[in-house]
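Below are two complexes that have chain A in common, paired first with chain B and then with chain C.
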Partner chain A sequence: MTIGIELKKLKSTGFFTSFFVGGLVAALVPIANTGFRTELFTSLEGSPLSILLNANLQMVTMLNQILIICGACLMYHTEYADHAIRRMLTLPLKGESLFFGKSLLLALGFFFLLVLESASYAFCTMHWFRMTDGFLPELLKNMGFATLLTLPTLLFMLLVASACQSMWVSLGIGVIFMSMGTVLPEGPFPLTLVPFVTPFKTLADAGSGWAAYAAASGAELLLLALAACMFIRIRRYSL
Partner chain B sequence: MKPIIETHELTKTYGNFTAVYRLNLHIRKGTVYGFLGPNGAGKSTTMKMFLGLVRPTVGTFTIDGMAYPRDRMEILRRTGSLIEEPSFYGNLTGRENLDLIRRILGLKPSAVDDALELTGLTRFGDRPAKKYSLGMKQRLGLAGALIGRPPLLILDEPTNGLDPVGIHEIRTLIRSLPEKIGCTVLVSSHLLPEIELMADDVGILNRGHLLFEGSMEELRETAAMKGLPSDNLEETFLALVDEDNRKRRPM
Partner chain C sequence: MNLFALTAAELKKIRRSFILPLLFVPLVILWVPNIINADKSLTPVMAGITPENNFFIQSFMGFAWFIFPASIIVCTVLLQQLEQKNKGLLKMLALPINPRLLCLAKFLVLVLLAFIQAAAMTGLYFLCARIASSYVGAGLMAQTGMVLRISGTLFLSSLPMMALYWLMSVCLTTPVFSIGLGLATMVPSVLLMNTKLWFLYPPCYPFYVVTSNYMKLSTDPDSAIDLVPWVPAAAGISILCLLIACLAFGHRERK
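Here is the complex of A and B:
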């Protein structure tokens, strides 16, 4: 029921349009990039997917993060703009279900982006490289890894958006963290675990350390979920 | 008859400031209870405590025999409310806003039309709420409180932003609710003549202290006994508050 309610709240907010258009733009990046630099990419050593990910991940991840930031801000803007959240809190509804309902929707939005981007990588491989039997398992492993590494960012951004009554403040925080994310991926291991930084890691980049990244993301998810539960209980008395 | 709302020594403090002090309210079932007090008297804080939006520092209260915080969810299920200003999703229509509340409360779809009709919003139900006038937003807030015809309504300044015709309509509606849908209404207002016209009982709050609780008739008798004006509620209220302020003024 909560998902249905949260979905309805997003009507006429621009959420669906921005994810659809943004997803298409992100999916076009590998196609355009490979189309313009075909010779360079096809002459490189390695699997087609790793070549495509290395060439496009930075831009695609940044677009995904912009959409996550905008999505989270829009979701909570509708709650705060006309004090709707106060009405919600006077209804027999747990504050946690409101937050996690939004998290699930935003995660579904992100999953939609991944599907479009995966289709784009598959198209590029078929059109400019040679499709092999190993492509699909490699793609699934990479997208699964990307999902796991992006979920803490998504939860963190929703937590920020839920804490800031002004959408511009949460948007600003999101943009600052995203800019930081473009600088830190090459830093020491602990710094690469910060939300907005981890999604820039590919499975190939992580190498043998992939399990450490996966475990750290899982732990971050748990910590952020706990922080959200605590914050929601405190916020109830401060609106 | 056991009151539907009963508070026992209910107190709320913020640091050194006491918003509500040892409040003992008794609100009879099936009545309209007018909650009066100057700005900052603690009316909204008290109402927010009933809705679980403010945590009491000391004291307890029961609503229809249910205790807070143990039965918070059930209290909220059976209480319609409008606190401070109307709260709604501006991107949704009035009807969609009410439908969200209906779904959370698990009511039948017809409850939306019923609430729109009760508040005179039927014609505007499909218009986005952000395009409503202030009066229509207030009515939407009221419709959200009335949806499902709950046994208890908590309304904080429900006539704010309404024109004289709107005020008259809402007053008539509130006055008729105990008979029409069998509910109890706790209503706060700074418009004293409004309360005089719609309330069965009144509670007068000043600086967090309850100065008087009882029927209008009892208020007049109390005021006359104290030598205060008793001809109309406004004069009685002002005299009571003034007397209390003088008592509490630091020496």
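Here is the complex of A and C:
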């Protein structure tokens, strides 16, 4: 039921339009990049997907993160604008279901982006490289890894958006964390576990440490969910 | 009220906002790993560049690519949002003030905030280069004149970008859209910078200035940016953006 309500709330905010358009733009990045510099990429060694991910993952991940930040801020902005949350909380609804309903929707939006981007990688491989049997399993593995690494970021951003009544403070925090992501990915292991920094790791980058990243992301996810549950109970709204 | 008085009033409005800390935090995030990784500057990736120039230019590339444009976008949203609450803009427009001048005054505040951040970045560079020098035990302080020249060019080249983002925040009344679109225009700047029509895309100017200086300091000492299609295009784009922004400012409220 909560999901239905959340969907209804988002209907006229432009959330779906922005995810659709943003997903198309993110999917166009690898195509445009490979189209511009075909000779450079086709002369490189390695599997087509690893070449494509190496060249485009940073830009695509940044676009995903921008959409996650905007989506999270938009979701909570509709609650804080005109004291809507006060009315929501008088309904027989749990605060947690409000939060997790939103996170589920945001995660679905993110999956949609990943599907579009995967299609774009597949198109680039078919058009400029040679499609092999190993491509699909490799793509699925990479996208699964990306999902696991991005979910903590998503939950973290939603938690920030739920905490700040002024939308531009949460936007600012999101942008600051994103700037960390552009500076820190080469740092030591604990630093790369910070939300917004982890999604920049690819499966190939992580190498043998992929299990450590996956486990750490899973733990982070649990911790953030727990923190969200606690925070929602403590939070008092002074609207 | 003249432009100067209006700008002073606008500055008063942002006094209690958290904008200055928000401008400084990314700089700290940028400099801390730079100092920790300063020893990497001793073995530059590009041939021909000295370690001190490498340290300087790498830090400024990180700044010009993401942190500077993103901060400008956040500032535009803040400046717009300030007046949306409790119909502030409606009250401002009811005063005997020219709305176009008001729009221009807000843009000047944006320019001032960007200047403060660029100046803080340069100031922090001098401080951090000193710290990094003693940390790695080698001189990492580049020539003061060159540092000031490049950071000055960086700031000037970001003016068209500011005008564009200001136009976006004035025209797109949903702030999330203007910030999302603004951030999204930044991402492909790396791609568009390498095309022949880069001068038509203001968001890539600051990064272009820094990377071309990187080339100048390393492999190609004689290279210079062609000013001819760039400066007229940049001036044209900025004037056009500001003109449209001034005309569209408060359009929804005046209806």
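What we mean here is this: the second predicted complex is superposed on the first by the 235 of 239 C-alpha atoms of A that agree within 3 Å, B and C clash if a C-alpha of one lies under 4 Å from a C-alpha of the other, contacts with A are read in each partner's own complex, and residues count from 1 in each chain.
Definition applied: a contact is a pair of C-beta atoms (placed from the backbone, for glycine too) under 8 Å apart; a residue touches a chain by one contact, two chains touch by 3 or more.
Predicted model, so just to flag it, every value in this text is computed and none were measured.
Considered on the superposed chain A, chain B and chain C are sterically compatible, since they fit side by side. In the superposition on chain A, A:Met167 makes contact with chain C only, while chain B stays out of contact range. By the touch criterion stated above, A:Ala81 is placed in contact with chain B alone, chain C being left untouched. Of the two partner chains, chain B is the only one touched by A:Leu91; chain C is not. Shared-chain residue A:Met62: touches chain C; no touch with chain B. In the superposition on chain A, contact is made by A:Asn33 with chain C only, not with chain B. By the touch criterion defined above, A:Thr182 reaches chain C but does not reach chain B. Rounded to the nearest 10, the superposed model shows the Cα centres of chain B and chain C diverging by 90 degrees about the centre of chain A.
After overlaying the two complexes on the shared chain, residue contacts for A:Tyr237 are found with chain B alone; chain C is out of touch.
Taking chain A as the reference chain, the count of touched residues is higher for C when chain B and chain C are set side by side. Legend: residue contacts after superposition of the two complexes on their common chain; A:Ser18 is shown touching chain C, with no touch to chain B.
Taking every C-alpha of chain B against every C-alpha of chain C after the fit on chain A, the minimum distance is 11 Å.
Judged by the document's definition of touching, chain A residues 13 lie at the interface with chain B and also at the interface with chain C.
Residue ranges of chain A in contact with chain B, taken from their complex: 1, 4-5, 8-9, 11-13, 78, 81-93, 236-237, 239. Taken in their complex, chain B has these residues touching chain A: 51-55, 73-74, 76-77, 79, 81, 83-92, 96, 99-101, 103-105, 128-130, 144.
By the touch rule above, chain C contacts chain A in their complex via residues 18, 22, 25-26, 29-30, 33-34, 36-37, 62, 65-67, 70-71, 73-74, 77-78, 81, 174-177, 179-180, 183-184, 187-188, 190-191, 194-195.
Residue ranges of chain A in contact with chain C, taken from their complex: 13-14, 18, 22, 25, 29, 32-33, 36, 59, 62-63, 66-67, 69-70, 73-74, 77, 167-169, 171-172, 175-176, 178-180, 182-184, 186-187, 191.
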